[in-house]
Amino acid sequence: MTSATAPARDRAPARDVAGLGVGRALGFVAPAMLLIGAFLVFPALWTIYIGITNYRLTGVEAVSPSIVGLSNYTKALNDALFHNALWLTLLFVLGSAIIGQNILGFTLAWVLRRTRPVVRRTVEAFTLLAWILPSTVVAYLWVAFFDRDGGTLNGILGTPGTAWLIDYPMACLVVFNTWRGTAFSMMLYSSALQAVPPSQLESARMVGASGWQTLRDIVFPHIRGHVLTNTLLISLWTANDFSPFLLTKGGPNHESETVPVYIYNVALQGGELGYSSAISFLLLIANLLVSLVYLRLLRRRS
Amino acid sequence: MAGIDIEGLATVYPNGVRAVDGLDLHVADGEFFALLGPSGCGKTTLLRTIAGLEPASEGTVRIDATDVTRTEPGKRGVAMVFQDYALFPHMSVSENITYPLKVRRVAAATRADVASRTAGELSLDGLLERKPGQLSGGQQQRVALARAIASEGKVLLLDEPLSNLDARLRLEARTFLKKLQRDLGITTVFVTHDQAEALALADRIAVMDSGKLRQLGSPREVFARPANTFVANFIGSTPMNLLPGKVTTDGAVTVAGGSLPATTSSTPTDAEVTVGIRPEYLTLSTGDVAGPALRGEVVVAENLGTQSLVSVDCAGTLIGVTVPEETEPSPGTPVVLTAPASRVLLYTQDTGELLTSTDRTVGARS
Amino acid sequence: MRPAYVVRRIGFYVLICAITLFFAVPMLWIASAPFDASPGLGVHWPDWTLENVRKTLDHPYAMHSMVNSLLICVTTAVAVTAFAALASYALSRVRIPGRDALLYGLLLLSSVVTGTAAMVPIFVMMYQLGLIDSRFGVALVMTGGLLPAAIFILKDFVDAVPKSYEESARVFGASTGQILRDVVLPVARPGLATIMVWAFVNSWGNFLVPFLLIRSIEKQPGAVLMQTLTDEGGSVNLQVLPVFSLLFSIPVVVLYLLVNSRYGFRFHGGIKS
């Protein structure tokens, strides 16, 4: 396709609608590409290099780091704390994204579909508010909610003195992230549900299908692609979410240290830039794999 | 005022499709010229190539005897009305109409004069301060025309000018457009897929298919004497009967179990041909007649208003014929169909080209 | 049939109420605590006062950090909008060689290179460039991070604008500059406004980038200052933090409502950094 354009390109007038021409068009694209190249592509590629060095924040290796080959990666293989971070990230993604946001989001979309507009708008407003508020504010709200001494949760449950964030840190994070991110799944599923032909739902009602049968036989086949893509997307976001740091900083004793928090703690608290880069690179690869599958699914759907 | 000359024009898309494929065309000064064809036939590409919006791959375009093949669209002296009108939504009607003048840095006072004068000509008085979004479809179309006229191009190009209007409004706008073109006397080329629109408006019609010209002629010529079966199929609100036939003796063809008179001087006896005859040119009678005729039985009659389209089964072939209102025979009636030889057209069976092209009994070339 | 129906309706509303409470209860605190004379971390009916607001306005860094946030986010939003507008227009209208590959690459980038995955190299790079503790550096990094998604959203928008606008201006003799200024820019304004708000809101809530790159408290934007104050603890902060949380949330909510009412736009999925 690109080679076929070649003979026509040198002709005046320019082929595009505003007469911009390829030269000026490249000029239009260049500033954005330079910024993306410098602050997104270059850092991503640089992780590969830093990841094979023993670069440190302070000390001798900060001045003259040396290449250590794949030893950072072999270290990761045997690092119990890294395994712990992987396991916690898996729990976090499974609990808050794949189960929490997905199911709550779909339930909301399905239930609110035919309620009165007042009810729908009220519920939507609260879920959207949870989604758009700045993450530091949201984190602080939940720190207060879970607080040992005066927290609202202890007030509701009548369990004064329970330090939720210390006793059950991962459970708290799962609830927090479900609360935070459900709006996205809800919006995605409500637009997906609008694409289910009403005539098919009515036909199901005519033959006397129950609500559950309708969901399983009519609705789900229509939105299967949306469920898959939505799950991939929110899983990717959740796995990369830094908000757990704002609630627990990974503690107590690494009990809520997901991979992003672990990277931060290793890099800036421990100063091991080389090792943390190796782990970052693994996260990048995981992101890349999920994104490739996601884009392939998206393309197949359209 | 200016004519348009097109020679050997081809427009090839990057994917290799020859949207316009070696076209020669002359549009006379002041002519109202239609480009007609099914969607994808290249008519819009041809119009856009004349405007300069698509680069010509081969051949030349001349406007007013000046070669503009490589000229920027804005410097060709053409004005164009787009199918969606392309009225700028953020500008008022007055700003829209005078935008071509603003581009040329014409003084604001002059622009205001032009706006009110052109708006007057197109019955847009009182709408000058509105935004396009506040206008009806018909008003938007007239604003687009007003903008094109205000730009004082030598040639006016219209891309499906009536297709965005609803059916009732379209007839009104058609009359308006024809009168406007007559009054202005501006060379106008318009694109349409609607054969009735082309027949009603144009001085001459170019029928296109697959980037090629299939027939060029007056509305009467393309209707009465389609140059090939493609045009025969495309033109006319009731489809032309196209039937396999065989030339028998001089002056007749056998078709559908009977025979019809035809001008067969250029065709050898026993030649296999496609016989074309419009339902409007067949005569239906219930008694017997002398000479070549088709005999059959009425199947159904469809009411078309002032006429009825009667389908007649002639030896297993359905043939359409129109009859005046209230004279349609009831189904089952045995009938006889006749036609004058000048209305019976013979086409080759392989290429579908008209065989009786030397015969000029109908219509005169303008 | 009827009792079953009643039970179903009751169950339905209990479910809706439970979900609404789940979302609403943690938020109640931000509505009550700022105006409570004895603020605590739990929700209770406040003993109304504006003392906390006064304390917050007098706080040496609170309002200052709002200005920092504003500086960083306005710079980011303007840069993202300007560069994304240019790039998306060219990518939508001109057949640049390799365009499809470029678009696919951008789409991948916007989800693969997240703030957390790139924080180490970004920190090292900015450290070596001497851009640590620079608000401009923070804006640069945020701009780079938001641009791919912004280009995508805007390109979708430009693709939906009929090309006949530009073509008709071109037939009437307008130059490329005139077409861009008189036609494209006004027609694209809703899209540009949307993307500007989107970039602003995203950078306003971004914690990680300024947390990594800003050291001195007087340069911290609101998102980081909140964390600093939380870490300090103490009763003073129980007076300041609730009010500050509320103030810090207002721009985001107002912008959201504005865009939502003007353009009926629901926040794009996009990237959350």
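We just call them A, B and C in the order they show up, numbering each chain from 1.
Everything that follows uses one rule, which is that a contact is a pair of C-beta atoms (placed from the backbone, for glycine too) under 8 Å apart; a residue touches a chain by one contact, two chains touch by 3 or more.
The chain list, named the UniProt way, goes like this: A = Sugar ABC transporter permease; B = ABC transporter ATP-binding protein; C = Carbohydrate ABC transporter permease.
Please read all numbers here as calculations on a predicted model, not as lab measurements.
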Among the remaining chains, which ones contact both chain A and chain B?
C
Once you count every C-beta pair in contact for both, which comes out on top, B-C or A-C?
A-C
So, in whole Å, the Cα centroid of chain B is separated from that of chain C by 55
How far is the middle of chain A from the middle of chain C, if each middle is the mean of its Cα atoms, in Å?
16
Among all residues of chain B, those touching at least two other chains are 14, 52-53, 72-73
Indicate the residues of chain C shared as contacts by at least two other chains.
95, 167, 170, 175
Any chance you could list the residues of chain A touching two or more other chains?
5, 15, 17, 19
Within the complex, which stretch of chain C touches chain A?
12, 15-16, 19-20, 22-30, 33, 40-44, 79, 83-84, 86-87, 89-91, 93-98, 102, 104, 106-109, 111-125, 140-141, 143-145, 147-148, 151, 163, 166-167, 170, 175-176, 179-180, 184, 201, 204-205, 207-208, 212, 222-224, 226-227, 230, 241, 245, 248-249, 252-253, 256, 266-267, 269, 272
Interfacial residue positions of chain B with respect to chain C in the complex:
14, 51-53, 72-75, 78-80, 82-84, 86, 88-90, 99-100, 102-104, 147, 151
Which chain C residues qualify as touching chain B in the complex?
95, 162, 164-165, 167-175, 178, 182-183, 186-187, 189
Per the touch rule above, chain A residues touching chain C in the complex are 2, 5, 15-22, 24-26, 28-29, 31-33, 35-36, 38-44, 46-47, 50, 55, 104, 107-108, 111-112, 115, 119, 122-123, 126-137, 140-145, 147, 149-152, 154-156, 179, 184, 187-188, 233, 236-237, 240-243, 246, 259-260, 263-264, 267-268, 273, 276-277, 280, 283-284, 287-288, 290-292, 294-295
